[in-house]
Every structure is written in C-alpha cells, then in structure tokens.
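I have placed the structure first, in the form of structure tokens, so that the comments after it can refer back to it.
Here the chain labels run A, B and C in written order, and each chain numbers its own residues starting at 1.
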Amino acid sequence: MAHTAGEIADFIQAQLIGDGSVPLKGIASITSARDGDLVFVEDERNLSSAIASRASAVIARDGTNLGSKPLLVHPEPRLAFARAAQKLCIRADRKPSIHPSAVIHPSAILGGGVTVEEQVVIREGVQIANGCRIGAGSVIGENAVIGEACEIYPNVTIYPGVRLGNRLIIHAGAVLGSDGFGYVRDEKTGHYEKFPQIGRLEIEDDVEIGANSTVDRGALDVTRIGRGTKIDNLVHIGHNVHIGEDVVIAAQTGLSGSAVVENGVVIGGQVGIADHVKIEAGAILGAQSGIPTKKIIRGKGVVFWGTPARPIREYLKELAALARLARKS
Amino acid sequence: MAHTAGEIADFIQAQLIGDGSVPLKGIASITSARDGDLVFVEDERNLSSAIASRASAVIARDGTNLGSKPLLVHPEPRLAFARAAQKLCIRADRKPSIHPSAVIHPSAILGGGVTVEEQVVIREGVQIANGCRIGAGSVIGENAVIGEACEIYPNVTIYPGVRLGNRLIIHAGAVLGSDGFGYVRDEKTGHYEKFPQIGRLEIEDDVEIGANSTVDRGALDVTRIGRGTKIDNLVHIGHNVHIGEDVVIAAQTGLSGSAVVENGVVIGGQVGIADHVKIEAGAILGAQSGIPTKKIIRGKGVVFWGTPARPIREYLKELAALARLARKS
Amino acid sequence: MAHTAGEIADFIQAQLIGDGSVPLKGIASITSARDGDLVFVEDERNLSSAIASRASAVIARDGTNLGSKPLLVHPEPRLAFARAAQKLCIRADRKPSIHPSAVIHPSAILGGGVTVEEQVVIREGVQIANGCRIGAGSVIGENAVIGEACEIYPNVTIYPGVRLGNRLIIHAGAVLGSDGFGYVRDEKTGHYEKFPQIGRLEIEDDVEIGANSTVDRGALDVTRIGRGTKIDNLVHIGHNVHIGEDVVIAAQTGLSGSAVVENGVVIGGQVGIADHVKIEAGAILGAQSGIPTKKIIRGKGVVFWGTPARPIREYLKELAALARLARKS
C-alpha cells in the first residue's frame, strides 16, 4: 500500500520535516530497510544510522532535520511507527471468500466480508460478525459468537458457546473454552469424579491470544478476559478466572481457577498464579514469580518477584544476604 | 433432561427433605441459579443464600430444612452435586453420526454409536470402540486403539499405535504419542543424532487430559498413565514415564523421561520433575516445585515445595530465616 | 527391513565378533527384546543380561565375546545403536502420495516423492522440496519454503513466509512463525497497540521441534534457529531470537524476544530466558533456572542454576547455608 510521507505524517499526527511527497511502501528496522521503507528511532544516538540507512523516511522524537530524508517528528516514535504500520502493512488481495472445503452448518450466521479458509468447521448456531477471518482447520463449536473483524489463525479450537468481542486476534493452535480442571475426590474409593464444567467464556474487544494458549470455560459461572488484554503463547487461563482490561501476560504463565487480575496488571513469563489469588490494579509480576493460594498482591507500579512473590527490593536484598552468608560459611 | 428432585435424590443416594416432585432441569452456582436448577452448599453459612436463590432444590450436608425448597442431604455435597450433574447435564441431540468430510481408512474398525465429526482423519488399522466421539479435525494415527465411550475433542493428534482405555476425555489440541526427546551426541562432530523413539503409549481407563498437553511415547519401551489420573492443560509427559492411578497433575507441569509417579500423588502447576525421579504414593508437590534428577520423594500426605523440593515446613522455615537475615543486614 | 548382523556392523563401523549371518529385523531394549532384535549395552554390568535376553545381537563397548550371540563392538554403543536404528526402523509402505482431501493451491510447487496427507492445506506460493511428508491437518501458509526430506507431523501450523531447511522434524501441533508479543502502550489511554510483527522465521537443517511448541517470527527482522538444534515439547521461542547450532532445549522452556543462544548450549526444562539475554557457547542451564533481562551467561561447560541463574557451585553453597541458618533459628 503506497502512501506519501506526508499522508503518513498526517495519519499518525506527526510533524513533517522535509519532502512530504516521498513515497512509502513499507516499514522496516534500520538494518534491513530498503527504498520505500519507513523506520523509527527511539534513542537519538541511532538517528545518524537511520539517516544513513536505505530507508526513505524516519520517525524520530527530535525535530532536528539532518537533511537527506523526510523526518516525521512525534513524541512517541515507537507508538507512531506502530500506527503507521496499520497503513503500510495491510495485506493485499484479501477478498472475502468461503472455501468449499469448509463445513459450515446451515444454521450458522456469517456477516459480510467474512473469510472462511480451507477445512474449517463451523457448527450449529454459530454467529460470526462482519469482516472476520477464520483460519484453515479451525473448529468453531456450537452456538459460539464471534464479533466483528476477528482474525482467527489456523487450527484454533473454540468450544461451544464461547463469546468473543470485536477485533480479537487468536493465534494458531489456541484453545478457547475447554473444561476447567475440577474434580471431587470420593474419599471412600480414592477416585476423582469430574465436577461439572458447564460455565461460559467471554472475551472482550481487542484481546490478542498467543499460539497454543488455552483458556478454560467457567465451571458453573464465567471465565472473563477484559478489553485490550494481550496474552502471549502457551499461557494457561483456568476456570472462573477474571482478567481485567489492558492486562499483559507473557508466555507460559498460568492462572489457576478463580484468580482475579485487575486492570493494567503486567505479568512476566512463566509466572504461576494459584487459585483464588487477587492481583490488584497496576501491579507488576516478574518472570517466574509465584503467587500462593488466596494471596492478594497490592501495589500499583510495584514489581514483585520470587516464590512466594515479594516486592523486588526485598527479594534482591534477600538474594544479596544469602550470597554473603554462603561466602562466609 | 428433566428429572424430579426425588429421582435425583435417589440417584445420588441423598436423603430428601421436602417436596420430591419439584422438577429439576439443570445445575448452577447459587448466584446464577434459575428456576429448575439444583445447587449445592458446602459451607453451611451459604445455606441461607442458597435457599433465597432462584434455585429449585439444594444439596446440603445438614438436614435442617429451612422450608421453602426441597433439600437433598448428603455428607459430601460437592461429590453429590457432581454426580447429579451426570443426570442433569447430558447434552441433547447426540445421535451418533459419521460426517462425510471425515477420511476414514477402510481397514479401520468403528464400534456402535461412534460419532466422527467433520474433517477427522482415521488412518489404517485404527480400532475405535462403542460410543466414542472423535472431535472435528482430530487425526488418529495408524493402528491406534481407542476404548469405549471416549470423548476426543477437536484438533487432537494421536500418533500411530497409541492405546487408550475406556471413558477417556482428551481435550482439544492434545498430542498423544509424539517422539520423546532423546539424542546421542557424536563427540567427534558435536552433532546430536536422534535416538530411536519407537516405544508405546498406553493410557488406562477414566483418564482426562487437558488442552494442548503432550504425552510422548516410550523410546524403546512404554509410557503409561494409570486409571483415573487427571491431567490439566499444557502438561508435558516425557518418554518412558510411568504414572500410577488417581494421580492429579495441574497445568504446565512437566515430567522428564523415565520419571515414576505412584498412585494418589497430587502435583501442583508448573512443577518440574527431572528424569528418573520417583514420586512415591500419596506425596504432594507444591506449585512450581522442582525435583532434581534421580531423586526419590517419599511421604504420603507430605507437601513438598521449592527447588530442589523439600518438606514445606523446612521450606517455610528457610524463607522466614532468609527474610530475617535480609532485614538485619 | 531385514539385514544381517554383518551388514549392520559394517554400516555402524563396529567390529563384529561372532556369526555375521544372523538376521536382524529391529531394535529393542534388553527387557523387551525378541528374536531378530538388536540391543545395546553401555554399562558392562548389563552385558550378561543382554546376552541372556532374547535379542539376536548386542552392541557393546567391550569386545569380550561371551559366546552365544554376535557382538558388535563400538566405542560409543548408544551412538552406534542410534545409527543402526536408521537401517532397522525404516517404516515400510511409505509410497509418496497426495491425498485427494488435501487442498493445495495450484501455484504451490511440490518436489518429487512428497507425501501430502489427509485434510492438509497448502496455500499460494508454497515450495516443498523432495521427499517431504506433510501430516494430516497441517496448514502451510503462503510462500512458505520447506527443504528436502522434512517430516511435518499432523495439525502443525506454518505461518506465511516461513523458511525451513532440510531434514527437519516438526511434531504435531507445533506453530511456526506466529506473531511475536510486541505492543506499544499509549500513555494517554493506557491501551496497548500492536507493534508490527512482519519479520521472518528461518530454521536451518536437521532441527527437530517438539509437539505444541511455538516459534514466533521476527518483529521487523528475523528469528533464526541454527543447524542441528533440538527443541522439546511446549517450548516457546520469542521474536528475533537467534539460536545457534547444536543447541538442546528441553520441554517447557521459554526464550523471550531478542535472546541469543550460541552454539552447543544445553538448556534444561522450564528454563526462563528474558529478553536480550545472551547465552554464550557451551554453557549449560539447569532446569527451571531463570536468566534476567540483558544478562550474559558465559562459561563453556559450566552449569548454571537458580533464578537469577548462577554457577551451580555457588547455588548449592547458598542452599546449604540457608538450610543451616534455618536449622539454627
């Protein structure tokens, strides 16, 4: 999608310094940029290499034009670059289409501009709103509801009755709405019997879920993921978990049943959150930290680390004290 | 499936207090219950809210009838509720059927009442016993054998020759029978060569395996999972692992090659069990704990925690001592 | 595939002691060996049980023939056994074929001897070289390039543009080329916006990737996995990660964005490697260890353990000092 540097500057609300008629066809890193690419600089020390690169235009924080290329000046260059990519990285030839190898139940309702790729299965009563893409081999269970402009990558499984909002991105192999891990032990026999897992899963607008992640439905009630939350690959979300808005969860983290994560929490990779834990708004959990059952983590902007997780200052102090102790002994 | 309160009381062997003719159509939590729902109370403090809810009947431990609803009195309300769900939550309209988009090798043998969903692949020599359901997009490899009444969810992959018992539940995206992680390093070149992974995988009756979990076949011999064992999402079971009966393994735990887990062990989430470890009967491993190579964990009912895992009393004492030390320094 | 003991001895460059005309049809462990099987012994204490087993021939380090069976003497019995398996474990009846249920774009180019199993999807512009096998239900995205003799197991998803070398083995459910986890927070709204994930994924020859593992494409540049590297199940490789040659990564380990792992590194299970970490050649990371952001791990042959990872000698000293401290207090 070719645009001019001026059009992109307008779109991202940047100040243009230099020739606005320069055509832009894509985005790139400084090292890989070619003619027609837009690049960005966060650290001004990289500005000279951006200018010297083969890129056609540069987004930078500072407006000092070094002369040879148009500069798009914006206080948040990374954010501006991400937005420019929305214009410059649109995949071409995405005419909506329903592949004849897909099996779509006649009762399913598909909106306008929906693409259903090869070998997809759409079961009875499913509703898919305008502009969605259902990737090859994905299976959409009975009565699932998918909002507008969702991108479902291949080989995703959505269990019956799951409800997704608008503009979700679900990466390949993810499983949404599987049974939670709930059993009752019969003390007489020592056997486990399955506790019913018949609740709902609701995921709000603008959520992205990584490849091969799994999100369980509620046992009797609901598992919910709030608007704008971003979840990485191989993450596990247990039954009845409630995740707020604008939460970030890195890869391989697990949330056990009935955990609550409030708005704006940031969770590193491989974190373990036990059942009935509450992570209050704005807390930050370092990678591999562990939160024991029923614990409440409180502190906007405070980083917690270790198992059991404690404020990082305490944890680092303990590590240092332990190292000293070991050296002495 | 509508039943009366009296029928359900009989089925779960509860004592009925009140009107046994009340119709029951489903189960629910107290907060979400509607007319026709059965709910349960474990903590008697919740009994009044159960009685005040819109539910039509209540399972409780204590027989004091508060009057307005039939009470089903049972010493283990959660267990009784789980069993009632078996009657009240049967999915309707599950007529067995073979979808024409499935590709079934002519040599495969399917029992009575088997459902094969859309886009399924069943290879040469497969045997599937009565009453199974094979979810859309699943692939059943050559000569695999599946017992009666198994529920295989969509997009599951079963490698050739895997043997499953009766009444298994395998959630979406699980992989059963993949190659173990075994190589031999050629010291001259520094390259790794694949050690053969041609063993078997046998999973006994009543096992449930979570979404996107992976279970490797034996290298030369067998990987085995015992009757009634329950495995959560994203769990990894390595080659030659032997897991006993009635074991519980929470999400994202990994068992390395040749580990042995005896009957009745409970393993938390994100636990790491190294190769050739033995977890003796009835031990409990806390979340994120780690068991080093060849270690034996012994102690029925003892909780182990930390890496390397130690009895939780020791571990908590160490954490407290460390915190004191850090405060002093 | 029947061979004589003499042929196998020649193939693996072992010294034959005994009757070279004995027919060999397979491989096995000592305990499960049957007539026609080849077994191996690493520890000479097991030699007598190998000789007493039902196996037809034995690979051993030591040339003392105990008489009753042909011995194939090799200084590295496990390596020799792995190589013998290449001759003795070839799956029969693997005539190349394209199943009619596969959907292959007319522009895709398939080499000679390629097998495409049931329900596969091969999109526009894909190139698949000679001798590959694409497992049932797998999806190969637009313009992906797959080298010779690759084995892609069922239900694998390969995103558009991914490039694979020769002789790769990709186990079921793996996802190659998914978007990395990159967002920019708009400080005004607190919302996260997607940073473009349009880079490449290149995997070199002889790499094996385990079931349900996920490998992200680069954000703007490339994610690369070097020749001969072996990756276990449920591993996560983030965007822009560079992994060298002959690296071993055990199950459930995660590598965050832009991590660099040099040649010959060995990484245990459930290890967490943060972003921009560098693991220098030949280092060994113990299971569950954690490497914080931007850290450099240096030391060929040195084992690191704990979070944050330190040389194992230090770590064990700290554990011992802590245990002593707790006992005293």
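Everything that follows uses one rule, which is that a contact is a pair of C-beta atoms (placed from the backbone, for glycine too) under 8 Å apart; a residue touches a chain by one contact, two chains touch by 3 or more.
Predicted model only: the values in this text are computed from it and were never measured.
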Copy pair chain A, chain C: interface residue numbering same or different (half cut): different
Angle (degrees, nearest 5) of the CA superposition of chain B onto chain C: 120
CA centroid of chain A to CA centroid of chain C, Å: 28
Numbers and ranges of chain A residues touching at least 2 other chains: 101, 119, 137, 155, 173, 212, 234, 252, 270, 288, 322, 325
Touching residues (chain side chain C, partner chain B) in the complex: 27-29, 31-32, 76, 78-79, 81-83, 85, 89, 99, 101, 117-119, 135-137, 153-155, 169, 171-173, 206, 208, 210-212, 228, 230, 232-234, 246, 248, 250-252, 264, 268-270, 287-288, 306, 319, 322-323, 325-326, 329
Parts of chain B lying in touch with chain C, wherever the complex brings them together: 101, 103, 119, 121, 123, 137, 139, 141, 155, 157, 159, 173, 175, 178-179, 181, 183-187, 190-196, 198, 212-214, 216, 219-221, 234, 236, 238, 252, 254, 256, 270, 272, 274, 288, 290, 292, 307-308, 314, 317-318, 320-322, 324-325
